[in-house]
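Next come the structures, one after another.
Shared between the two complexes below is subunit A, which pairs with subunit B and subunit C, respectively.
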Partner chain A sequence: MNLSLFVQQILNGLTLGSVYALVALGLTLVYGILHIPNFSHGALFMAGAYTAFFFIGSLGANYWVALIGAAAVTAAIAVLSERLVFSRLRDSPPLHDMIAAIGLLLFIEAVAHAIWGADFRRMAPPFPGIMRIAGTVLPIQRALIIGGAIGLMIALHLFLKRTTTGATIVAMAQNREGASLVGIDLTRVSIITFAISGALAAVAAVLFAPINLISPSMGNLVILKAFVIIILGGMGSVPGAILGGMIIGFAESFGAFYISTDLKDIIAFALLVAILSLRPQGLFPAPSR
Partner chain B sequence: MLRCEGATLDYGSYRALSGVTMHVDKGELVVMLGANGAGKSSLFLAISGLRKLKAGSIRLGDHELAGRKPSQIVADGLVHCPEGRKLFPGMSVHKNLMLGAYVHRRDPEGSKAILERVFEMFPILREKQHQNAGSLSGGQQQMVAIGRALMGRPKVLLLDEPSLGLAPLVVKQVLAAVKAINEAGTTVLLAEQNAYAALKIAHRAYVIENGRIVMEGDPDALLGDERIRKAYIGA
Partner chain C sequence: MIAKALSGRAVALAALALAIVYPLVVPNDYFIYVMALAFIYAIATIGLNLILGYTGQLNLAHAGFMAIGAYTLGILTVDYGVPFWLAFFLSGLVAAAFGFLAGLVSLRLKADYFAIFTLCVGLIIWLVIEKWDALTHGVVGIIGIPAPSPIGPLRFETPLANYYLVLAVLALSLFLMDRIVHSLLGRAFIAIRSGEGLAEALGIPLMRTKVTAFVISTAYAGYAGGLYAGFVRFIGPQIASEANAFDMIAFILVGGLGTLSGPVLGAVALTWATQSLQFLQDYRLLVFGPLLILLVMFLPRGIIGTLKARQARQAGAKAAAERAAAVQRSAAAAEADRTPAHA
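Showing the complex of A and B:
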């Protein structure tokens, strides 16, 4: 076996895993805290990519400004969807959340379609350079994805563990009634959670876009995989989303290389079936509520 | 201090409270007796804003509570220590207690002083403060729940069956703590299954049946009442 090719697959796996983990983190936060299976999360991913594309292409912004702008705009879209749709379904059966989320997904996709059309778009790589690690080539954009994802995960961890606002989010996830009874406002927590999930999805998309294509349906496969990841990791579990994201990222990278590129997208689902038949509760079952 | 008038609550087509009128005066310790399903928890949840009343009013001082959010009601000075504790099981005891002081987060010094008093009341919690609340015994968890409620600096404290499922010795300890909290100046409304022990520490009591207040009186009168003894004390 060729060692440098092997290392290459590890780096690819880390890159993919980082993107998946960021998307899955937002999804698992919203599910764990608000019990909403947010299918429209993939549309947020897509919206983030298009927003950055617009900032760079039409406003001439640089990549970093576009990244921050996309995070802010997408967070706002996520908050709007919470305010206008999900908060109104709080006392309805869970199925209504699911249907609303799918409706939102179709709606946001249609808006992107109306503005930018169905064509695939490219975002010019802002950092076309490469670096060399252990005899293999690592494009700077991929290093950025990995570094950015790790940085955001640490930031999220510190936010949840060390700040009072973070504690209110965790409290709401662990016991909603208990949280209300100490005076934590569910509306405030919902807004913050949706904002975080939108921003994470946008950052993942903007980091990923230069090595991928942008299209109105770009979020669909990603969101399906993100659901696989949070089911694997345990619905609502933050470490589970990160580990699950990495597992799927590595499986795809190694699967594409050693098995077949054509089967790459099936691997996630095959793994889901395999792991759940051995561990139906997921890798990190969330504490019982 | 706390006054419910004609409080009516429905769960779908089921009427859990029908026109409950009751009050707790400042400094009082009032006990709410009632069999399983009588409506005690429903009344408490309505008072603390977790369930919306169909009709009637709930006043704290001269402040209408019905229609306010739970978070506002806590800030108003009414704290509800719920049945089943509702702790944050994956967080440390210390963090559970500090979240109890969430509405007073701008005054960390004041909260530290109250935390100290909670630890004096329940010394075991000081020892276990870095353990996850979910890993404590039932009695210890109940102490965390009471401590967490105290951290909210209640003027009026609602305690819903704080002794549920605890060993007799621990029940005694918990009820002694409730009495001490009341003597330190907090107005208390207590729902209890241990009618005898509860009446022993109470100033006044109500009996609720099928969502209606059916009796009110001072503890001695209730303890002497044949029906009450039969229904709630079993002697």
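Showing the complex of A and C:
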């Protein structure tokens, strides 16, 4: 077979995997706080893309300003959802949190729908050029996605491992009562975690938007794949989210190329069904708390 | 106890009588049509309530199973010329068979994994319906589905006749669900909702019981789908959409999670609410989303659940007052007994 086409698929897989991993990272961090899958996370992804679209289209901001603005706005939406909804449901059964998360998802999607309509929007790539590496064509936007995602993952890793604030997030995820006993403030940790998860989703969306389309339902498939990823990688596991993101990204890119583009969206879910049938606890189960 | 059961039955019979008279007093067929649709969704929602409300598992693929029932009927009658009632009989069975397979895989999972898994199952069903042109007619959908064929002298060509057919199936569904949740099996479902570990310790076979609940619930979805196909006579992939599944969850929450009549009340109330607020059609989810959140925050038991809880509280207060009065009476009597001795 053609080697350069093969390399091309690897680059595609890396691009998709980077986006999925960023979304899954936020989801897995929030799982540590909520202990439920946050179904509204996909809406944050979509909100990030629209915010950047608004900054660029209506305010004439440049790409980087829009990226930071979208991250800030989406982080604020995530924190608001935590303050107004999830923190008030802390003592409710998990079923109620999940239904509330679905309510949030419907609401944020409906707001985007009401403001921008159902039409697909396009965000012009800020760097339309291409790079050539060893005979393979790599659009700069894709390089940006891969580089940006890897940079963010390293930053997040250092934040969680090297800073006290990061350590409080990890501690809270490991054991809420224990963390409270040693004086960690649940409210503060929740706010920080939601802000990070919102910002990560927005950055992923804004990086991805120029090579994709923007629509109110753009987050749905991405978030479902992020769910598959955190099940593969273990709920609450940061390395698991990154590895899972890459697995799904590569499976999709090679599946679309060698099997069929029609089936590429089903591949992730078929993988999930297959894996959960064989290992109900996921590939890398978190140690029981 | 007997009086309470009687009053429950009286309310049910009164509601049934109202539903029978309803088409005779409304001005036109539109009211009959909308109400029949609400009843069809109520049947599917009663099924969802068994797994969500009674057994405590958030199934997000319920619309998908309804779509399987609808497409079973549509494909069999239109493409293969199978008689309507045989196809209808199969619509619930096929949905339940898929439910059995999905349940075997997914019900071993923890509750939140189960919710995600079923969300994916729902999406797979939707994608398969949309992409498998040869079987499902793809995005075009299936048109020209025949109306239910006559049973003896009963013909189902008018909306009115269909309304009564749907009402009959709804009444049968409620009756069967009543028998199920008040049986030993129903107790087992509720025990699982309260705590899987404890239920297992009581000797309830966890997996088998949950799969049973799931199969029954998907059969309800399938039959509702079959009825829908025969009533609307056109089906498209959007029956399987997530929005449809979320609607049914909203019906249950409004009516009352884990109550018998809650899903019916919720389906009828919310269907009419969205119908009468026509301007809201486009922005329906703008209202539905916050509604779901506010309900779980402030009225997690829904209308029926809240009413029941109040009734129970009042009954409890009444019993306590009676007890207190009895204690007082006996104390007074004892006092009266003692007084003459002193005199």
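By definition in this document, the second predicted complex is superposed on the first by the 286 of 289 C-alpha atoms of A that agree within 3 Å, B and C clash if a C-alpha of one lies under 4 Å from a C-alpha of the other, contacts with A are read in each partner's own complex, and residues count from 1 in each chain.
Methods note: contacts are C-beta pairs under 8 Å (C-beta built on N, C-alpha and C of every residue); 3 or more make two chains touch, one makes a residue touch a chain.
Keep in mind it's a predicted model, so treat the numbers as computed, not measured.
In the superposition on chain A, A:130 contacts neither subunit B nor subunit C.
In the superposition on chain A, A:277 makes contact with subunit C only, while subunit B stays out of contact range.
When the shared chain is aligned, no partner comes close enough to touch A:68: not subunit B, not subunit C.
Shared-chain residue A:183: touches subunit B; no touch with subunit C. In the superposition on chain A, A:164 makes contact with subunit B only, not with subunit C. Between subunit B and subunit C, C contacts the larger number of subunit A residues. By the touch criterion stated above, A:174 is placed in contact with subunit B alone, subunit C being left untouched.
Interface residues of subunit A, counted against subunit C in their complex, comprise 35-37, 39, 85, 88-89, 92-96, 98-100, 102-111, 113-114, 220, 224, 227-228, 231, 235, 262-263, 265-266, 269-270, 272-273, 276-277, 280, 282. Against subunit A, in their complex, subunit B makes its touches with residues 48-50, 69-71, 74-75, 79-82, 85-91, 95, 98-100, 102-103, 105, 134, 148-149, 152. Per the touch definition, subunit C reaches subunit A in the complex via residues 52, 56, 58, 105-106, 108-109, 111-113, 115-117, 119-121, 123-124, 127-128, 131, 242-243, 246, 249, 253, 282-286, 288-293, 296-297, 300. Note for the complex: subunit A touches subunit B at residues 164, 167-168, 170-171, 174-175, 177-185, 287.
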